[in-house]
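Got some structures for you, see below.
In the two assemblies presented below, chain A is common to both, partnered first by chain B and then by chain C.
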Partner chain A sequence: MNAGIAAIKTEAETGLADTYAAARQELPGGPAVAAARAEAFNIFALGGLPHRRLEAWKYTDLRRLMKDAKPLAGAPDAAALGAARQAAQWLSELGARRIVVVNGTFVPALSDLADLDEGLTIRALAQGLVTDEPLLSADLGTLLPHNEPALALNTAFAGDGVVIEVAAGAEIKRPIHLLFVTAGETASAIFTRSVAVIGAGASVSLIESHEGPEGSDYQVNAALQVQLGDDARLDHVKIVREGGAALHVGTLLADIGARARFNAFSFIVGGSVVRNQMFVRLAGADTVAEISGVSLLAGRQHADTTLSIEHAAPGSQSRETFKAVVDEAARAVFQGKIAVRQQAQKTDARMMSRALLLSAEAEVFSKPELEIFADDVQCGHGATTGTLDDQLKFYLMARGIPAKEAEALLIQAFVGEVIDTITQESLRDALSAATLAWLGERG
Partner chain B sequence: MTALLEIRDLRAEIGGRKILNGLDLTVNKGEIHAIMGPNGAGKSTLSYVLAGKPGYEITGGQVLFNGEDLFEMSPDERAAKGVFLAFQYPLEIPGVATLTFLRAALNAQRKKRGEEELSSPDLLKRVRELAKKLGIDPEMLRRPLNVGFSGGEKKRNETLQMALLEPRLCVLDETDSGLDIDALKVVANGVNQLRSTERGMIVITHYQRLLDYIVPDVVHVLAAGRIVETGGKDLALQLEATGYAQYQNEAA
Partner chain C sequence: MAAVQETVEQVRRIDVEQYKYGFVTDIESEKAPKGLSEDIVRFISAKKNEPAWMLDWRLDAYRRWLTMREPEWARVSYPKIDYQDLYYYSAPKKKPELASLDEVDPEILKTYEKLGIPLREQELLAGVVRPEGERRIAVDAVFDSVSVATTFQKELQEAGVIFMPISEALREYPELVRKYLGSVVPTSDNYFATLNSAVFSDGSFVYVPPGVRCPMELSTYFRINERNTGQFERTLIIADKGAYVSYLEGCTAPQRDENQLHAAVVELVAMDDAEIKYSTVQNWYPGNAEGVGGIYNFVTKRGDCRGDNSKISWTQVETGSAITWKYPSCILRGDNSSGEFYSIAISNGHQQVDSGTKMIHLGKNTSSRIISKGIAAGVSQNTYRGQVTAHRKAAGARNFTACDSLLIGDMCGAHTVPYIEARNPTAVFEHEATTSKISEDVLFYCIQRGLSQEEAVGLVVNGFVKDVLQQLPMEFAVEAQKLISISLEGSVG
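Let's look at the complex of A and B:
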């Protein structure tokens, strides 16, 4: 424990330690959950906030980027609930079932829980924690082997979130939209943990969006744990549109069963500092995973996409495609690792990250990694960084299209290649529109 | 009457190399001028300089378009004023559907001229009509611009753009190259339909055959960055026989 104390140095680290000491009695959970929290907090205490000397956090030094710890958000007040009612209007055309989490608290009153499809249950994480429900406390426990500092903090502090269960064989037609809203004048820290357990042969589409007030330097640490059964299908889209001063640390943990189909897409447009990390394990044979994302960054934004995909069984195919558009003095990070275990023969994995720099000050860091222990596999990765093609721009301008509009067309084309892979049309349209809006704000 | 295009003593360089060396050319409304000349003479350079491609340094001379200084305008402004270049090598733009591009181009020009934008159904109708005339499969309009198009398809697509945008000055840079005989007739037909007393054209070509279909009023020889000879339609026939050897001295 001494080493741990020694690791806690910065104002943010001390703040987190103080917050934990003060809050641990009140955080929801029976003895098993409390034990998991204590263990998780200890992981944090031993290492402190992740910093640049940790390989996985090389480009996102939270010790430097996180200036202080904010107080834990309390239950949302009437004003916050009012703000949440107005949230995410740009996603209102999705026809999705809205499940609303305000300042880290699941709010059934704002959520559409009527006429749940057969085989679908949706409930608050907090309830399950209080009773030490084995599914959830075991869950929290299994996360610890990662020794992942951001996730450890999440485990230590997460008070609520959404638990979604889809029974085996159930085909959930209507997409579910988990809407995470931060509201309020004072900046707070929000830790949520959500869980999706999708039974064998079931299918569901899950949209997860995060937003909050423009000027507030609030902090979000949101984790989602997915268990996808054999032959099941999940389409997951995560949208990070936090306020311009916010810190967002997101973790996706996914365990994918045999012959399952897993599509994950992330769209990052908001936030001051964003770390979006995904740990995907293709546990069963013959799965197909498509993991992709788009980041649109400007100002002094920093967005780090870190992906680790593990092929643990034979015959699975995975495709990872990430694109970043980086303007002004923004910074994009992509770290992608494909690990192929010895038994995972016939793996077919391909990863590509592409960045488009729109200004001389913009920066991109890309670190692809392959770790292959099987011999009969097809794996590849590539990374490119470029600027807009002047020849193409001239061709468009020669037809009367002004410079800014020509650039916008080329940028749209660049990200469109990935956005177009989203199967749900209304969602594709919403993200294309968001891209257009982003382009419209370019100076 | 003000000339549609008046080029006086134009001098241009790229990467420190002098390409245009005092070029004079006047095109009036209603006229078609053919420009022929050896490879590397500066024909494409002239067309790029007129369209406003970055990278060229204009070291002397002047270009007036309807009396206005062309070099004061950005490429898109020139296009909106009516300058159109059919590229010798049309570019491929992945991810931008041909129809999206056509809509963006036409409406940007209209907007700049203070005209009403064309509605999507109206645009689609017009584009479909033109495509049919030019023998372009309407399916191609949904494909990304020029991506995977054959050489001939790209040239037809350039002609389609020209017909849609109805420019004042059409500069066709080897629009005939890469076209089979039937396509040549179709494209030439498309160009001829744009012939009008309000419009001027510069047709750059290596083959007098094109000029059987698009009959020029004037034929020029461009060598070493200057117009070295100007004549009537028979100049093209004569060049077919003699080649450009006689102009090499002037080039030197």
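Let's look at the complex of A and C:
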């Protein structure tokens, strides 16, 4: 409402402006890319960092949560590369093709680029930017506000990332694991932009994981832009396991073709402030989308999952299930919107968000939203918040299970329901193990 | 498909001119000059012979209003309101010293008769013996800016209940009004509430003393008659310890091509063990088939469950108004207090409805329940917007919310925007919402058993809103059912 009022610039805002002024010449890209960056930065400069008066950022006030702007990360040094080699051991059983991005720079030397499946190409975003490919454009119709501040910042600063192209009809058997690692002594700001273009009838599985050092208050702004062709299939899993003091702002933009199948799952367990926003547009008819997620939060963590799903064509089906477990003084935010356009008759959409509060200081904010312009639809959403059921706990304890274990069992069952929807078994096991580890750390 | 198509056609054909309360009463009126300024505020205050503190209160609100901006977050769109192009005070010209109802302008009485509201205590006056236990309703009739008649005052007085126009209460019970006025909706609350605080002209005041169960239903009937007039009424209801009161509110206005502003404020205060039931049937003129004219209904309603074990229940049937912006809320301050919100919002033609509730859980073991039924037809937009909050200390808070929307035709929109905020782990909140059209199977089933198309749709819609209709006092339930029929004429029998 008051977005138009010029507010006093915060330290982070002036910092970002200084960084941009200093770095604009150095950022990769031809004249068209430079123009896109300038425009995007302008959009950011007008509105500043998102704050609670912006409806979409109501519960995640970046003006308050982002204290300063870190300097842009440079090319990774030997130490950083060394750290990256040790990264994500817990995901090593996936048998996935690892593509490694260290401090925002795609590192082919650490990536598994041998024997690429037929129809699959993987390259650095920076290369494409230099030749002025339109890789930074994100036209997602009415779904994504043109002045979305987090994406605007990403467009302005993103220097590198991964571009994955899958040719029409290609079936990529081996999952691709995009491993984003932050390493180094000094805290920096990392902006990455990745693009996945999946041709008609193709299928691929994409795992995206983010991690970094404990104790460093680095800042990550990562965007992934997906274009899924007609009859194609994408399984996408995003894992946020940033260091305990990190700020992570992630944006997923997905444009889904007709009769395509889109599965997305997000697992948030690390980071101090996390904003994971997804804008999904079911552009073609008869698509099926299943979008779900789990957040495990403790300490003073703040994790915001914001999902906007637009049914733009008839006959599509979408299912959204999100669960949050909130301990200590952590705060979970869920904002989910199902929008059904007038032409999207026969839409079938269901959204569910559930939160479990485990301590007196834990907080949950949820805002499920329906915006419906077509009459022949079945849409619904549900939201619950509460704590562990005493009766269930009693039942377990009566059978000789100690209180802590009983709680752990119930929590495991609570999030297990969603984790079980992941098709890849090794990944499912890894996330279940991570859940157990999280429960183990719970005092 | 054919069945629905037919329904859609019928709804489209609805002649909005059928608004049966669209007549104008021809009476002389006395108006303040057009526009809004400190002088107008002073004028209104002087007209009402208000105490000095009241004038200061109004001026304070007016000055604050000047610094505020009109809210834009609701899903409604309308041309900018020119607040200087309105009359802020209009009263039927009265003969000096109105001693009894008999001296009320017969034209006004006729108006209320047309509306079907018995203002005269005729039977009572004539000594007709009523059957034991029959319910009677005391009515306060508000015509433009002033209250013209309040019935059954004597009988209520015997019970200790104060029920009178708020302007009168300000003169007769200034301390009581001063204590509670603005304590639930402060003057700085929001743009429209602040405007109302500055210029409100009349409304009802109810005080039910401790332990008293109000002997009859209380009712206020609001009527906007004059052209270009804004109606700003203010209602204040206080149920003291252990008291109970049920209050009904009805609204109509003539058909006019211009939009008229209605910005009311309603404050409810329930002390320990008290209960207030507030029901509204809102049927302001919704504008014609092209969306020209109609009332802008920007209303702030809030109840404060101040005492332990208190209860406030809102029931609303919203069928009129070009734009509705209304969120009857409950502040559940007392331990074990409970709040309820039952709503039917029907939009047709070009109507825009953005309505819902706020349940703010502050006390321990507080509970709230929200049942909202939205029906959108024509090219209307129907939004439910609600908030449920549990604060840190609200241990054991409980909420259940169900909001269902029904879409009739493919040009309308139904939206649901709930905010659920839990700051206490023992708070248990459940929310569910659905949007759909009338099921073909259900219609087929009804028709197959010999019901006509219209009857079948009527049955389904009535079933859809049943949960809420049941909450209305009997007299209103009948009226509401009729209203729903008129509002959806063509699709309901």
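Just so we're on the same page, the second predicted complex is superposed on the first by the 423 of 443 C-alpha atoms of A that agree within 3 Å, B and C clash if a C-alpha of one lies under 4 Å from a C-alpha of the other, contacts with A are read in each partner's own complex, and residues count from 1 in each chain.
Methods note: contacts are C-beta pairs under 8 Å (C-beta built on N, C-alpha and C of every residue); 3 or more make two chains touch, one makes a residue touch a chain.
Worth saying up front: this structure is predicted, and the values here are computed from it rather than measured.
Novice: Label the relationship between chain B and chain C on chain A in the superposed model as either fit or clash.
Specialist: Aligned on chain A, chain C fits beside chain B.
Novice: With both complexes overlaid on chain A, does A:380 touch chain B (first), chain C (second), both or neither?
Specialist: Touch status of A:380: second partner only.
Novice: Have a look at where A:31 lands relative to chain B and chain C in the superposition and call it first, second, both or neither.
Specialist: neither
Novice: Which of the two, chain B or chain C, is in touch with more residues of chain A?
Specialist: Partner with more touched residues of chain A: C.
Novice: Looking at A:440 after the superposition, I want to know if it touches chain B, chain C, both of them or none. Which is it: first, second, both, neither?
Specialist: neither
Novice: Just to be sure I read the superposition right, which of the two partners does A:409 touch: chain B = first, chain C = second, or both, or neither?
Specialist: first
Novice: In the overlay, answer first, second, both or neither for which of chain B and chain C A:55 touches.
Specialist: second
Novice: Looking at A:372 after the superposition, I want to know if it touches chain B, chain C, both of them or none. Which is it: first, second, both, neither?
Specialist: A:372: touches chain C, not chain B.
Novice: Which partner chains sit in contact with A:399 here, chain B, chain C, both or neither? Use first/second/both/neither.
Specialist: The answer is first: A:399 touches chain B but not chain C.
Novice: Once you lay one complex on the other using chain A, what is the shortest C-alpha distance from chain B to chain C, in Å?
Specialist: Minimum over all C-alpha pairs of chain B and chain C: 15 Å.
Novice: Taking the complex as given, what residues does chain C use to touch chain A?
Specialist: 4, 69, 71-73, 392, 405, 407-437
Novice: Can you list the chain A residues touching chain B in their complex?
Specialist: Going by the criterion above, the answer is residues 390-392, 394-403, 405-406, 409-410, 412-414, 416-417.
Novice: Contact residues on chain A for chain C in the complex?
Specialist: Listed in rising order, the residues are 1-2, 55, 342, 345, 355, 357-360, 362-387.
Novice: Over in the complex, which chain B residues touch chain A? Could you list them?
Specialist: 51-54, 74-76, 78-80, 84-85, 87, 90-91, 93-96, 100-101, 104-106, 108-109, 112, 144, 161, 165
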